[in-house]
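Okay, so chain A shows up in both of these, paired with chain B first and chain C after.
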Partner chain A sequence: MAETSNAPETVTCTIDGMEITVPKGTRIIDAAAMAGVDVPHYCYHPSLSAPAQCRMCLVEVEKVPKLVPSCSGTVADGNVIHTQSEKALQAREGVLEFYMVNHPLDCPVCDQAGECKLQDYISAEGPAMGRGKEPKRVLGRDDFGGDVLFYADRCVMCTRCVRFMREVAQDERLTVVQRGSRAVIDTFFEEGLEGNLWADNIVDLCPVGALVSKDFLHKARAWDLDRTPSVCPNCSQGCNVRLETRDNQVMRIKPRPNAEVNDHWMCDYGRLNYEWINRGARIEAPLVMDGGRHVSVSWSQALTRLADALRDSTAGVRAVVSPFAANEDLGTLRRVLETVGGGTGVFRCETGEEVPLPGFPTLKLRTDRAANVAGAEAFAFTRAGGTDGTGGIDDVAGHDGVIFVLGDELADAPADFGSRATLFVYVGQFLSPAARNAHFVLPSTTFAEMEGTFTNVQRRVQRFWPALQVPGMARPAWQVLGVLLAGISEDAQVPGTAAEAFAALGAVGAGFAGLGYDDLGAMGRVLPQLGALAEAGD
Partner chain B sequence: MAATVRVMKRPVRKSSYIRATLQGMALTFRHMTKSAGDTSTLTLQYPEEKKHISPRWRGTHVMETHEDGRPKCVACGLCPTVCPANCIKLVPGEDDQGNRYPIVYEIDEFRCIFCGMCQEVCPVEAIHVGQHYENAEYTRASFVYDLDRLMSQTHPSTLLWDPSDPAGE
Partner chain C sequence: MAYPYIHPSETRVLSKHFGEPEARTLKGWEARGGYEAARKALSMERSAVVDEVKASGLRGRGGAGFPTGVKWSFMPKKTDKPHFLVCNADESEPGTFKDRELMRWTPHALIEGLLVGAYAIHAEHAYVYIRGEFFEAAQIMARAIEEAYEAGYAGKNVFGLGVDIDITLHLGAGAYICGEETGLLNSLEGRRGEPRMKPPFPAISGAFRFPTAVNNVESLIAAAHVVLNGAAWYKQWGTEKSTGTKLFCVSGHVKRPGNYEVPLGFNFKEFIYDVCGGTPSGRPIKAVIPGGSSVPILTGDELDIGMDYEAMAAAGTMLGCGSVIVMDDTTNIVKQVRRMVDFYAHESCGQCTPCREGTTWAAKILRRIENGRGQPDDLETLLQISENMSGKTICVLSDAAAAPITSSIEKFRGDYEALMAPVPALAAR
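Then we have the complex of A and B:
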């Protein structure tokens, strides 16, 4: 063994033969994770207290007479820890056998199958055969209210759900009733979890299939889902999420840890508001107004004709953009507007009540219910319209110059929107009545079908990746507008990738200068210069 | 355009068919005399007579049902997962008693390679391959067997293992 460190803040220990130096006070389970050793556990969660009651994380520490629960035991200097010693494995096998006394073998109908910690640990280190002969306890299931269903038989009594509601949501609605083998999780009142915006996090926390989402019930098997890292588009908090898809449909949204933004949590509003991503009836080909009706043409034709029309245009430009569009889209549109002499642009955003998460104050369901409001503002688009995301485009509707619409569906726009415009370009996903007046209709992708970035309320730029296939000939708006820009501007290059489109944003977006995808990393990057502002306004 | 074919000269001995024909006829005659008096028939009087098939024959599928007529399937999704031909379509749902069951269960028998892995993997012994080989249909579409069709199959299902000795010991 190497010499032990004398510095007070670190300790050195050996875990399964690997020597590791960690800060003093580190839990054994975290130290093991740093050494790349996964210790089985149910009750421990990095963002909750550790009651050490599941007994799954027992490990052997040399010179300690009894096995130590690694979630509550801290690393001491010179500890030699064995997670896979015979004693530890034997103890954990015994614990698992006790878990199986009453756990039903209903994996075929259980939604957690495939991502269940009990399945994983039993197959990794559980007994090969059960010895129980007695019939299992049958409790049935209970509706906990909100989106949560409780299957009491499957519960392993880790109490993560109870502790989440107590410590993080700080809205104690769950408790353990009875004692010993009769213990079961229950709600206090009839309404259960109804009305708590953070309740679905206990479904993520549940290591087994005891707490399941009603929305996801029987919808897809865990192993069928493709998981893509993304950013929640439903409010300006920008929670890091995974889009879980099957057959080109988003099936559910799960949070992805980011200690700076959402820790391990996300709200039910963002989590359950995903059907719009799956919406069909998309525009699938570029359309050009020819003799009063739309004709579908190739991309090169559409963009060549648009570039010609735009190059000759001298009229003023007005734009309506969507706060759901990526930074790359908004910034490239701003570059186009700058090239044709500048222009004003507005965005509309639905707003709602702000709901904080008491145990993690950084995370709130934000007022602005769109992902990229800060991004739109960074590219000098201004807010317009009411709190329901409508109105505010009257002066654009009757504008007699050039109109650009990016992503905004114009659902509430009058049917003669843009009919007086000399050139009306609609880049979007859906052909609403107002968009039918457009001279050019260019199909673009949603955030789920493209690579890009959103800027959240902290002015943090975070990346997302494509999870779904693009419908028809639709292309990301940054690509469409980037090709257009190269057509009307001498010194603009066609961006080949989202990274190139992002790198070119510095010219038009405050703080984006010199920033590339490589700088964003896993946690995102708060825009420079304006970081102080974000803290004050947070 | 007239084609000119050059006929190569070959020795008659090598190019004549007469000798080979006579050899063939001699063989036929030998068999004829050999089987004279043998009354056994090799021809099967199909379709009145059916060929005997092995108990492990893997033919078109059968869905087993409960006594009340519900399918035994719990829509766990293991058969579409294991299926190497990707021929099983399954949409799970919940019935009025809170049981998980297949809303849609379809097997495309054209895509099926009759490996029997769906039966092997089934945790509730619901889907089986069947002892059946007469599969003619009038349309291609009717080879996609839906749940009703699978439940109303009349042929026996196949035993891929001995129920008294499932592990084959």
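Then we have the complex of A and C:
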């Protein structure tokens, strides 16, 4: 101990027979997790204070007379900890039995069933038979405002919801009223949670079905959902999420932890704004203008004809892209534009008020209400239009050269948009009136139907994966444009995968050079800021 | 013989002036030698005050019996942040009414105790957290504090000795759990009265997260006597490890219920039969709760023991706060236990699952048994509930609720079984 070192002090302990060395001050429950042991718990949550009140995480520490709550007890050097000793198991079985004194066991009609910590722990460690003979408490349910509904009888009084509102949202809307077994969670005022942008996180935090989402109420059973890691598309924060789907529909969005972006949280705006992903009436086949009307053709026909048309073109190129498109899509389009002599491109993005989460200020509902504004900018597309995401394309509408549209539905465009263009290519999802003027209509996927990446407001590039089936013949835009590119350029290869499309972006995207999917890791990767790149002469 | 009743075997140190209304005034108190103790303490070295109390062996009278001087010695010596003294005057343990009497009759004695304690631990602010229902005691205390301020015995430059000690009276809102020291601190700060996880202990992070000592009313008053008269004087009473005198509050089936002050170690049987006069009807004693509702019950045959911490522990119970509840053989023990468990169920703060759910569940089972609808496996269930409630929670209210269940089933199983018999023998009572 004589020499001083900068390395943090560590302690070594044994957990269920496994020796593990952890930084001094580590909580037993976290040390156990590092050793691969999940200690059952309700009130503990890594991003909230630990009141040590549910008494579910009691473990035995040798030479300590009483059982220790592992959420507040820290590991001391030489501790021998048993999470599965008879004493610990008996205490936890006792706690689980206590929950059953008043829990209604209405699992068949409870939205939490299947992802409920009471079900999980009871089946893992609970008593086989209940001994309760007394009538249970009946409280009913309450509308907490916002998207949150409260089923008081199911509550296990972990106070996670109260602590989230106090510590993270820093907007005390909930409290415990009364005491003893008469204690219930309640709101202070009539408006309850209404108007707080972060309230639905308490639905995620609630370990049981006491707090449920009105939006998801009785919509699907947890075990019928498929879960796909993704990135929230609804603002430039890029919260890490799971798209939870059934029957090829997004049923709900849930946050995935990322300590650098959204911790365990996401906003209600992003969470509940998913119906557009499920929108029907999609373009399902490539269409080519033939004698004044669209006919559907095969992909190879469409792209061969488009390549021929492009090769011969000498006209100037204008593009309109969507900030909801993936880096791969935007970058591949940029490569196409470079190949045909360059061209200017714009994107339109709806904006709104920025709302930070006080307890985790890294997370804000960002002004830009689209996921890939930074991506569009990295590929040299510039912002146009107003704060509602419309306008700004009048000069493109009457352009008499080549027009490329990627992902922008052009819902607000004049009906004669592109009618003077020598070549109008529309890559997108919906056949809007403006799109009907296109010479080529090429159906592409949404982010939910493909693998790809977004660049968030921190310039962090994050991956997402396909959660939904592709409608008809639609393909990711990077694939459509990649085939086209190979058709018009000698040295371009057709990308076989999203990873290949991504790896080819280095020449056109500021900061993307040399990057592959393997470099992104689980938390994404932050690219140098555009300003810094310019100074370095990139 | 004045103050409802005084017995010749009593040793009246703290209760000497009970029944004398003049002792409540500053003038009357000073005429009885008042404020000498506080004056003496404030002229001593602070550490000498702590040492004297430590040497006296005085143990906390709030229930746990932790040595008062030792508790004070845990307070940080540094004075870079504020320290607080908090007097626990919440007195809500069923059967207890000694602090109320101390404050009603000798409010200035408590102020002296506060000055001594605050000085000893470098506190410039002492709070008295008084039970909300103690209207009269609170009024008397408030008046006495006013007098002390007027006389310069509290506030800035106490006794002209250059020491500042403010005293604030704070009324609780009627929750038993606010007598638990950390629940009390939360309540004092304006939060829900919920006990805190320990560590950190109040000496490190107490009121408003600053170093704090929490002491019972009786402990502080006794400490003032110790400082005035010396540790050796105090140790003339009691046993080796349980020194001094203590107030005992007696209720239930005794001829003369009330407060009695005897040296620790006094024979319990003699106390009940002689000092308190035995049962009014002369019927045999069935059971005695020796230290407040939170301690295990003794049977009428287990009373030949000393009234001190060690002897009570040896008998499987606790001296607690010295609240003696006597029950004769007409008592339905199941009903008494149910009544107590109801109390704990009502008073649990509700944080810990075993306490919140265990108390209510046990109360429901006990009520069913009491009503003659008990089932054979109920006792086993009750014992297991008690086991699962003990030693597993943030504070010991849960253990306190389990103690009467376990000890009554152990010692009075017959009472339970009688109620479960086809023709319940005791249900009618």
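Quick notes
To be clear about the criterion, the second predicted complex is superposed on the first by the 519 of 538 C-alpha atoms of A that agree within 3 Å, B and C clash if a C-alpha of one lies under 4 Å from a C-alpha of the other, contacts with A are read in each partner's own complex, and residues count from 1 in each chain.
Just so it is clear, a residue touches a chain if its C-beta (ideal position, glycine included) is under 8 Å from a C-beta of that chain, and two chains touch if they have at least 3 such contacts.
Bear in mind that the values here come from a model prediction, so they are computed numbers and not experimental data.
In the overlay built on the shared chain, the residue A:Glu354 is in contact with neither chain B nor chain C.
Of the two partner chains, neither chain B nor chain C is touched by A:Asp38. With both complexes superposed, C is the one of chain B and chain C in contact with more chain A residues. Contacts of A:Ala183 after superposition on the shared chain: chain C is touched, whereas chain B is not. Of the two partner chains placed around the shared chain by superposition, chain B is the only one that A:Pro108 touches, whereas chain C remains out of contact.
When the two structures are aligned on the shared chain, A:Glu134 is found in touch with chain C, with no touch to chain B.
When the two complexes are overlaid on their common chain A, residue A:Trp223 makes contact with chain B while staying clear of chain C. Under the contact criterion defined above, no residue of chain A touches both chain B in one complex and chain C in the other. Listing the residues of chain A that touch chain C in their complex gives 51-56, 58, 66-67, 69, 72, 90-91, 94-95, 97-99, 101-102, 131-134, 156-157, 176, 178-183.
Interface residues of chain B facing chain A in the complex, by the touch rule stated above, are 74-78, 81, 92-94, 98-100, 123-124. Within the complex formed with chain A, the residues of chain C that make contact are 175, 177, 192-193, 197, 345-354, 356-361, 364-365, 368, 375, 377, 381, 384, 387-388, 391-394.
Note for the complex: chain A touches chain B at residues 107-109, 113, 141, 217-219, 221, 223-224.
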